[in-house]
Structure formats: C-alpha cells, structure tokens
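After this come two complexes, each holding chain A, first together with chain B and then together with chain C.
For the complex of A and B:
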C-alpha cells in the first residue's frame, strides 16, 4: 500500500493541526513559566470544575493524564511504566497513573526533568489538583505522588447521582450548591498557597470563554451526524483537550474552534467526508489505544468512519447560563450539566444504566451508526465496566453489532493489533447482516 | 474450478487442505512447534506430496490461524472466525451456532441462514476456557492428549474443579492425584469445567439450532459428551473437525472468484 493511498483514506481536518499544537505547546510553556518563577499545577481532568479557577489565578497547568496519552502516542511510555512497576505499584493500575508515577520517580531521582521527556516534560508542581469525578484510582494516584513530590493534594468533589435520583426535587440545586461551596474553599486554599488574590473579573471572562468553547465544540460534533461524516474520531481526540481539560489559552482555543467550525460546516455543505468511501459509520467506546492509532488508518481504508465516541470526553449539552451571575455557580452548573445532561432522556427510555452507557444508544441512533468498536481498558475499571451492557443494548434495541477489543490506553503490551484486525473483519460481516435487519424492521438507517 | 490450498497455522497444530469446488481432496497436519514459517513450508511440501501434486497445480494459497502472517507463500490471510463459518457451512448447511474449541481459545459463532457471521464471542484470556487446559492436565496425568477423551468416559465420580484459573487448576489436579482420584475422574472433571465455560459463551451469543463443534476439541469424545450433557442436545461434529478452518480459508478464496473479485472474498487482509 503506497503512502499516498494511506493519506487518502483518512481526510484530516486542516484546522485540527493548530488546535493540537496549542495543546501540545502547553507543556513547553509551563516549563518556561516555571523557570521564570511562575507556579505550575498538575491537574487531572475535572470537567471544568477547577481549571478556570487556576487559570484565573495565573497558575500554569499541565495534565498528567494527557501526558500519559502523549507518551504512549510518541512511543515513550514504556520506560515510565517499567519504572512504576519497579517502584512497586501494581501493573494493573491505571496506565495514566503508572506513566505519571514512573515519570515522577525518574524526575525526582535526577533532580530535573528527564532530558528525553516528550514535549519538554512536566515541571515540578506547587499543587496536585485531583478530582473525585468518576474514577477511584485517580484519588489515590495523586496521594501516591506525595512519596516523590513536596506538593499538597487538593481533591475537588463532584456529586454522582443516579439517573432517577438526579431528577428528584432539590437534588440538582443541592448538588450545585455543594460544588460551589467546594470551589470557594479551593479559592481560599489557593490564595493561601500562592499568596495571590483571586481575580474575579478574569474568572468570569475565562468561564464565559469555556462555556462558549464547549458550545462551539458541541455544534462541531453535531455536524458529524450527516453523511458522509466530515470529521473522524482521530480529529476529535486530537482536539478534545482544549475543551476537556482545558489545555491551552482559552482565547486562542476559542478562535481555533471557530475556525474548525467553519471548516466542518464547509465540508458538510460540500459533502466531504473524513473517510473517502464511508461504508461503515462507527461509534468508538472509551479512549483509543494511543500507542496504536495507525489501526484507524487501516480501518479507514476499509471504509470505517468513526463518527462519534464516548460521552465522557464530549462537551455538555448546551443550556442557558445567562441567569447565573456567580462565576463559580456557572462553573459548577456546567460540570453538573456534563454529568447529568443525558439523564432525562435515559429516564424517558427507562434506561437506568447511568451516564456512561446510555449515550451510546442515543448516539448510535442519532449518528446512524452501523457498528461500535469498544476498547475496554485493562487498567481502568470505570471506563470498562459498562461496555458489555452497552454492547447488549445496542444489539438488542438498535440491531447495531459491536466488537470488544481489549487493550490499554498506555501499555501497548496489553493490545493485540493483529487480533483486533482479525475480529474487525468479522464485525464487517455482522454489520452487513444487521443493516438488512434494520431495514426490514423499518429503522431509518 | 482451480485447486486452492487452505492453511491454518494454529498455536498447537498446523493444518493444510487442498480444495476443489468446496470439497477437500487432501489433508495434512503437523505440530506447529515454534517456527511457523518453517512449518508452513514443510506442511505445503508434504501436503502436495500426499496429493500427488506440484506447486504449479495450486492456483492460490490462503492462510488463517495464529501464525497466518508467517506463511510466506500466501498473499492473503483471512480471519479464522470467518473461515470457521465457511468451513462448517460447507459441511453442515443447517448449522446456526458453532462451538470452536482451539488450543488457545474457544469461540462461539452465530450464523444466519446464508452461513454468514452475525455474532461471536471468545473466552477470556484464560487457558481454562480452551484446549490448552487439557494439554496442561494431560501433562500432569502423564497421558497422551488423544487418550483424554476415551479415558474420561470411564469416570464414575468426576472431580469438581473449584477454580476458574488454569494455573490453580493444575495445582488442584496434582492435589487430587495425590489424594487418590483416578485419571478418569480428573479428566471428566476437566471436561465438565470446560463445558461450563462453553455453555456461558453459548448463552452470551444466544443459541440457535443446529449447533456444531469444530476445532481440535471436536476430536475429544469426552469433551463433546460433556458439552452435550450441559447444553442438553447432540452436537454435529465432522469427521475431521480440526481441518474446518483450513477448509474455510480455501472456500473463501473460491467464493471470491465466484463473486468476480480478486482472491479471496471480502474479509481478508493482505499480507505485506
């Protein structure tokens, strides 16, 4: 297969490249900032709950989870994983955590950032900002870093109501009040830690920008419902971090997302697909094997276009924030909306399987998907425990078959490329069959 | 129709067939050993000699199985799951569910009326769900694997294995031997444990009759009977179930020609 033909199979968005660069450059910017005496925090993804506060206080932020993905994609993760294992941490622990702990152990031993660290590395933090959102490993991971780093850990909490409970009177209001109280405590803590005062006007501006970023990002992804889908999951993953973490300068990100909106809109108008011959429209379940992204090129050559991916990495359904004047309440409301935004629909369909699994049903239907590829992560229970349930629901309710390809986000030893392809070609046969079944039963696609 | 060679390079044994018009005209099997490339070459030579043919008589060779990528003289490899579907359908067109017991995995495959795959599931990454577990226990009992099935039929009190792990299962078998359990009872217990795992896989994809067993597991009468007892019906088993995937590989090539495309039918990947 010639290189020229491979490039044709997947048509990447041109506006993706500057957005990805904006994210990647955050690491080098933070290293430079640290050298200039500016504080840097290491932060987990907390779905906008705390990052706007740090940004408003002019604290540089880098993201160890994203850094795990970067190290895996570049092929540099193995030595950090090995180092974590050698330090006595379990091999079945979160791949992002293992990568981060191995990196930190090496940095601490050297007394400086490892010279071969991808993207310039992550510099010594003054704060470890943890999050109680979704994942148990994430709480203990940052505590474990206390063995190596002289930095306090702060955990922001997020209530996790069930589908039915979220709709009970007062649950939403009380949850948001709780989050706002938590955020006020975080502000007070940061003021003590840094000796700086919160710039409330700046926080308001950043919050407005992030809400707008997420609105545009949501609209971009709405465009992907058309045929052919104009944007592949590869582009989604390359760009999601400017919204999700959110990495990079929000003003710059906002401009770049607007550029992307224009490009995707133009593709829709001109019927330009992300894959030249879109044969199968696919859902991707969970995070991809960052170390083996070339598999998407091989699948694109077979006509697979990944048109939507896991709910957890998408922007929340837009709501009206105009009546909320307190920026902390706006932040909390947005995060809570992200967590519970799909619950009313799930409740209507009597699907109580929670925030992780239900959106697969809604999206497979609205994006008119032929199949799903699920990538359960051996080192992540949270990302994995719902996938078999989602697989059953997709097949039984929508006649959308799926494939489970086991692996890991960071540890390439846990992913079998050839075995995944062996099963993928069988899924094609299944998708052809169920397409006929859907047509016979009067489905729209 | 030209002659097609189908090769299934498995982790335990390598199988080769020569097919014409969906009918095998020659079979051959060798232990795979550790060098898939070498065994594929030797398998081809011995298969051709057995059939009284030369390389020039073979229009194409299609490979499947764990070591398919090492078959240097094959331009394509095909998924063993699709091969299994095609192979079984050529022998038992009425089959809708296949239990394929290989050395390193067991897979249950659902077919539609045209013999195409509509669902499949594979046992988790654990030897207790596959033929490998029988290898391990046969080694402990110091018997030949081919004797495991007939021996187990003489059991009067099958041992209950309390673990789902092959490593612990091996220890358990050693303990039972030292406690005086008979080989027959231990083997029957292993077959019952495997049948329980297989039954779970069948539940997962949903059973539709008829149901066949393929792969090396189909040669083990003790396993076949245990699965039949667990599921409550008779299985269809071909005379040479271990060759099903190799036959299926060759049939996929024939199908490709009939469909007017290049060899083989869609569902293959090119070996580069």
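For the complex of A and C:
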C-alpha cells in the first residue's frame, strides 16, 4: 500500500497542529522558567483542583507523571527504573513513580539535574503536590521522595463517594464544601511557603477560562457521536493536555479549542469523517501505546475509527457555574463534577463503578460503537483494574465485543504490535457477528 | 465436645479453621450478619444495632479462579482472594456488606462486589485520605449517612446512649487485646505469633461481646499454661499488609524466632487505638478510625501545613510507635512484609527501613503473593536475616 494512501486513511484535524504546538511550546517555556529559578511545584495531575491555584500564585507546575511518559517514549526510563529498584522500592509500583524516584535519587546524588535528562529534566521543586484523585500512588509517591528532597508535601483531597451514596441528601454539598475548606488551607499554606499573597482576581479569571476550555472541549467530543465521526482519538490525545494539565496560557488554549470546535462542526455539516470509509466505530480504553501510534493508521485503513476514549482524560459534563461566586467553590465543583458527573445515569442502570467503567457503557451506546480496544497498562493498576469489568458490561449489556492488548506506561516491550493486529482481525469477525445480534435485539445500531 | 463447648485457644482455633460457623448459627437464630471490608466500617455501629460484624478476608489456600473474570491478576492478591470467595458463594450468609475506600483496589473491588453479588444491603464508606480537621468532619458526615442506612435497614432509630454502650463494648475488646499482647512481652512469650493470628481471625468472625468472653478465657489460659512457645534466639516485630493466615508467621517462627509483636490490620493495628469518649460518639469514632488507625493508606505528616520539611521528623511521626513496640516487646529485628502489588505499603517500605536503620533496628523486606505455596523461598531469606542479626 502506498504512503499516500496511508495518509489518506486518517484525516487529522488541521486545528490540531497549532493546539499541539502550543502544548509543546508551553513545556519548553516551563523548563526554561524553572531552570531560571522560578518557584516550581511538582504536581500530580489533579483535574483542575490545584492547577488554577498554583497558576494564580505564579508557581510553575511540572508534572512528573507526564515526565515519566516522556522518558518512556524516548527510551530513557530504564536507568531511572533500575535506580528506583536499587533504592529498595518494590518493582511492581507505578512505572511513572519509579521513573521519578530514580530520577530524583540521581539528581540528589549529583546535586544538579542529570545532564542526560530528557527535555532538560525537572528542576528542584519548592513543593510536592499530591492528589487524592483516583489512585494510591498519587498520595504515596511524593511522600516517599522525602528521602531525597526537602520540599514539603501537600495532599489535595477529592472525595470518592459510591454511586448510590453520592445521591444521598447533602452528600454532594458536603463533599464540595470539604474540598473548599481544604483548598482554602492550601492557599494559606502556599502564601506561607512563597511569601506571596493569592491574587483572587487572577484565580477567578483562570478558573473561568478552564471551565470554558472544558466546556468547548466537551462539545467538540460530543460532535464525535455523528456518523462518520469527524475526529479520531489520535487528535484527542494530541490535544487533551491543554485541558487536562492544563498546559499553556488558558486564553491561548481557549482560542485554539474554539478554532477546533469550528473545524469539527464544519466536518459534521459536510459529513467528513476522520477515517475514510468508517466501518467500525471504536472505543479505546486507557492511554495508547505512545511509541506505536502508527497502529491506528493501519487500523484506519481497515475502516476502524476511534470515536471515543477513556473517561479519565475527558472534560467534565458541563453544568451551570454562574451562581457560584466563590472561585474556590467553582474549582471544587468542576473537579467533583468531573468525578461524579456520570453517577446519576450509572445508578439508573445499577452500574456502581460510576467513573472509569460506566462511561464506556454510556459512550458505547451514545457513540454507537461496534467494539473496543483496551490497552491495560501493567504497572498502572488504576488504568487497568476496571477494564475486565468494562469488557464484561459492554459485551453482556450492549453486545459490544472488545479485545485486550496489554502494554505499559514505561515498559514499551510489553505491547505486541503484530499480535494486536492479528487479534484485530478476529475482533472484526466478532464485531460483524454482534452487530447482527444487536439488530436482532432491536438496538439502534 | 460440641463446637460451642470448646473454650479459649481451642475455640479460637476452631473458629479460625471454620470462620463462618458461629455467624451462621446466629443468623439461624434471627440475627443479621454483615460483612465488612478493611478496618474503616465502624464496628460500634454494627454492635449498636445488634448486627453481627463479620470481616471479609481471603483464603491463602484457595486458588483464585472466579475473581479473574472481573479483576486483573496484577492487583492485590488478598483483595482478589476475598472477591473470589464472594463470587464462589462463601459469603452468601451475609445480610449485607459494608465496603470502604481502603485503598484504590479495595475501592474498585467494593464496586465490583456490588455489581456482581448485588447484596440486599450495601453501603460504601468513602474514607478520606488525610487526617486534618476538615477530613475528620467529612468522615463524621460519612458515619452519619452510614448510620441512617442502618436505621433504614433495621427500622430502629439509634440513640446516642446505645452507641456509647457499643463504644464501651468495643473499647473493652481493645483493652483485652492489649492485655493479650502484653503476654507476648515475656521471654519466652506466653502466646505465639501463630496463635495470635488464630485469635484475631476468630475475633473478626463473631460478635464483639462473644469475642470479649473468648479473650478473657484465652488470657486466663495463657497465663496458666506450661505448653507455651519456647524461648528462641530472636524476638521479631512483624509489620505490613494483612495477614489472615498462620502460614507466614509459622514459617518465621520455625526459622528460629518468636514473633512477639505485629503491626498489621489483623493484629494490633486493628485493636490498639481506643475511642475517646465524646458527647457525640461519632466525633470520637471518626477520630479513632480516621486518625488513630495507622494504616499507610492514609496520608499523614509531622506538622500539618509546615512549609519546612524534616525527613527524620516526618518518619518519627509516621513510624515512631514502632520504636515503642520494639522497646516494650523487646524485639531485636523487624520483618517488613507485603503482598505483591500493595502500593500503599510498597511506597512506605524504604522510608520505614530508613527509620528503623536510624534507630538501630535490623530489618528486612519480604514480598509474597498471598499463597501458602510461595512462602518456601522466603524461608531462606528469613533464615539469612536471623543469622545476620546474630
């Protein structure tokens, strides 16, 4: 097959390129700023709960999880993983954490950033900001860095109510107020730590921009429900960091997302799909194999269009924030909404894993998916432990089959490209079969 | 002798070997039996409603088969085992279950439990991650909601007086467990580490008041026994993940040491913290369960909000109680043990090892996969450790 044809199989969004470039430039600027001595916090991804506060106080944010992905993608992670093992940390722990621990141990030993550190490395932080969202590593990892760093650790709380419990009277309000109290404590702590005062007007502006970014990003992804789907998961992954981290100046990101909205809307109006001859509409589970993204081109040639992907990287369902005057309450409400936004629907269907697993079910139905490709990341239990459940629910409730292709966040050898393609052919047969089953049972697709 | 006729150690062993025996009898008599996972579902609330609390544990001797259909193999094997037992119907005698945000996998397994087993009563307690005042208030709110669901289940309104009585009964058990543990301070100890596991598992399988009676029998029996553990060259403190089976401790004790103290959740971690009396019992309960239970699943720091970091001070704050345990129980070494894939203990291990080295206590870290068969290779490491510490 010619190169020309391969390019045609997947039709990338033009507006993706400047948005991606903006993300990359933001990283470069961040590295320069931290090296120039700007106060830097190492932070867990926190789903907009602490980011706006740190940004409003002009603290540069570095995300070691993201740095782990960078080290893995360019093949530099192994020596840091080995160092972590030698330091006595169990080998089964999160690959990103082990990468960071090894990196930090080496940096401390040298007294400076290792000269061969990818992307200029991560500068010494003044703060380690842990997050109670989703996994244990994200509250334990930074504390374990106490062996190497003098920076204090702060943990941001995020309640995780059960699906049914979340609907009990007062639970939502109490949870958000709890978060607000904790965030107020965080602000006071940062003021003590940096000697600066919080710029509340700036916080309000950043928060509103992030809410708007997420609203537009959500709407863009809603367009993907139409046939043919106008945007492939590749474009989602290329652009998600401007929302998720959020990388770059929010105002610039906002403008670029608006441009993307217009392009996707235009594609919908003109029935332009992200994949030529969309035959299979697919869900992708978890982060992709970053080093082997060309597999999506090969699958696109077979008519596979990835129309939706993991919940954790998506924006929250939009709600009205207009009546919330306290910026910290807006911050807390958005993050809580992200976590619990699917719970009411999940409860109606007696699905009790309202995040991670249930959204696959809702999306497979509303995006009318034929199948799912799940990519469990073996040293990330959080990314993995719901996938068998999701696989089971998709098949038994919606007759949507799936395949599991194992991989990892740092050990790239675990992903077997050829085997995944072999399994993909088998999955196509299953998808054809279950499409008939769905039709026989009166499903809409 | 009938099952009910056995007393003291024999009764504890019997319950350890057939955990559900008494709970099923009580259910047949009309009592409600509630399964609970981890340490955070508050025992006092079950007790106040006259519900039999029954801790959900795993079984190291039972191969995991059914749980693989809903949880991957790269997660905590103890949780997989507990879920497996549930899926195999071993916990079918429950009238409901109370789960909690113990750790991340525990939380996911809780939701999976509900989806696949659909218990007639179910409640999930979202234990906060920190211990600050707002977190305590949040947890207290959780307990209030939990109480409401139990009131709806039983049709009874709970009075503060009844809850205070339950606090007293549970505190009494904690005092008795301390008394039992004190019997391990002598050399040789009057009760072995293996026997302690049997007693703890038994306590977690029967109502609290029956557990108190059993403890009194065991304490009396231990004090008068002549067939207790033999003096051994080493006295060890055992720290780490859940141990609900005697195999690991038995292996260590057969290698030439007495396990004289533990810090695990089927041991002192579950029983040593007391509930302080408060006007609203839920205040004391939220503090005891959230703050005083020293499980690595909770984030704690030396000084809340201190912009300065002091590594040793931080370690002292988090692990200082282990120094007290080692001194009081005269331990000359510490075994840090964990089931594979336990992140919360895994992250703490190097720091704890630093702390123990700092205070001059020899230590070793061992990891196992929660199966009896996999313990053999660890024996060599334990023997090597014992030789190393002289």
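Simple rule for what comes next: the second predicted complex is superposed on the first by the 401 of 445 C-alpha atoms of A that agree within 3 Å, B and C clash if a C-alpha of one lies under 4 Å from a C-alpha of the other, contacts with A are read in each partner's own complex, and residues count from 1 in each chain.
FYI, a residue touches a chain if its C-beta (ideal position, glycine included) is under 8 Å from a C-beta of that chain, and two chains touch if they have at least 3 such contacts.
Please read these numbers as outputs of a predicted model, since none were measured by experiment.
Superposition note: with chain A as the common reference, chain B and chain C can be accommodated side by side.
Once chain A of one complex is fitted onto chain A of the other, the partner contacts of A:206 are absent, as it touches neither chain B nor chain C.
Of the two partner chains placed around the shared chain by superposition, chain B is the only one that A:430 touches, whereas chain C remains out of contact.
When the two complexes are overlaid on their common chain A, residue A:395 makes contact with chain B while staying clear of chain C. By the touch criterion stated above, A:418 is placed in contact with chain B alone, chain C being left untouched.
Residue by residue along chain A, chain B and chain C are tallied for touches, and C comes out ahead. Of the two partner chains placed around the shared chain by superposition, neither chain B nor chain C is touched by A:70. Within the superposed three-chain model, A:159 lies in touch with chain C and out of touch with chain B [touch as defined at top]. Once you line the two complexes up on chain A, you'll see the smallest CA to CA distance from chain B to chain C is 6 Å.
Within chain A, not a single residue is touched by chain B in the first complex and by chain C in the second. Interface residues of chain A, counted against chain C in their complex, comprise 87-90, 92-94, 97, 130, 132, 134-137, 139-141, 143-144, 146-147, 149-153, 155, 157, 159-165, 168, 170-171, 174-175, 178, 181-182, 185, 188-189, 192-193, 350-353, 356-357, 376, 378, 381-382, 384-389, 392. Remark: chain C residues 68-72, 74-75, 99, 101, 103-105, 107-108, 110-112, 114-115, 118, 122-124, 126, 128-130, 132, 134-135, 137-138, 141, 145, 148, 296-297, 299, 301, 305-309, 311, 314-315, 338, 340-341, 343-344, 346-351, 353-354, 365, 367 touch chain A in the complex. Contact residues of chain A toward chain B in the complex are 1, 395, 401, 406, 418, 421-423, 425-426, 428-430, 432-434. Interface of chain B with chain A (complex): residues 69, 78-82, 112, 116-120, 125, 266-270, 272.
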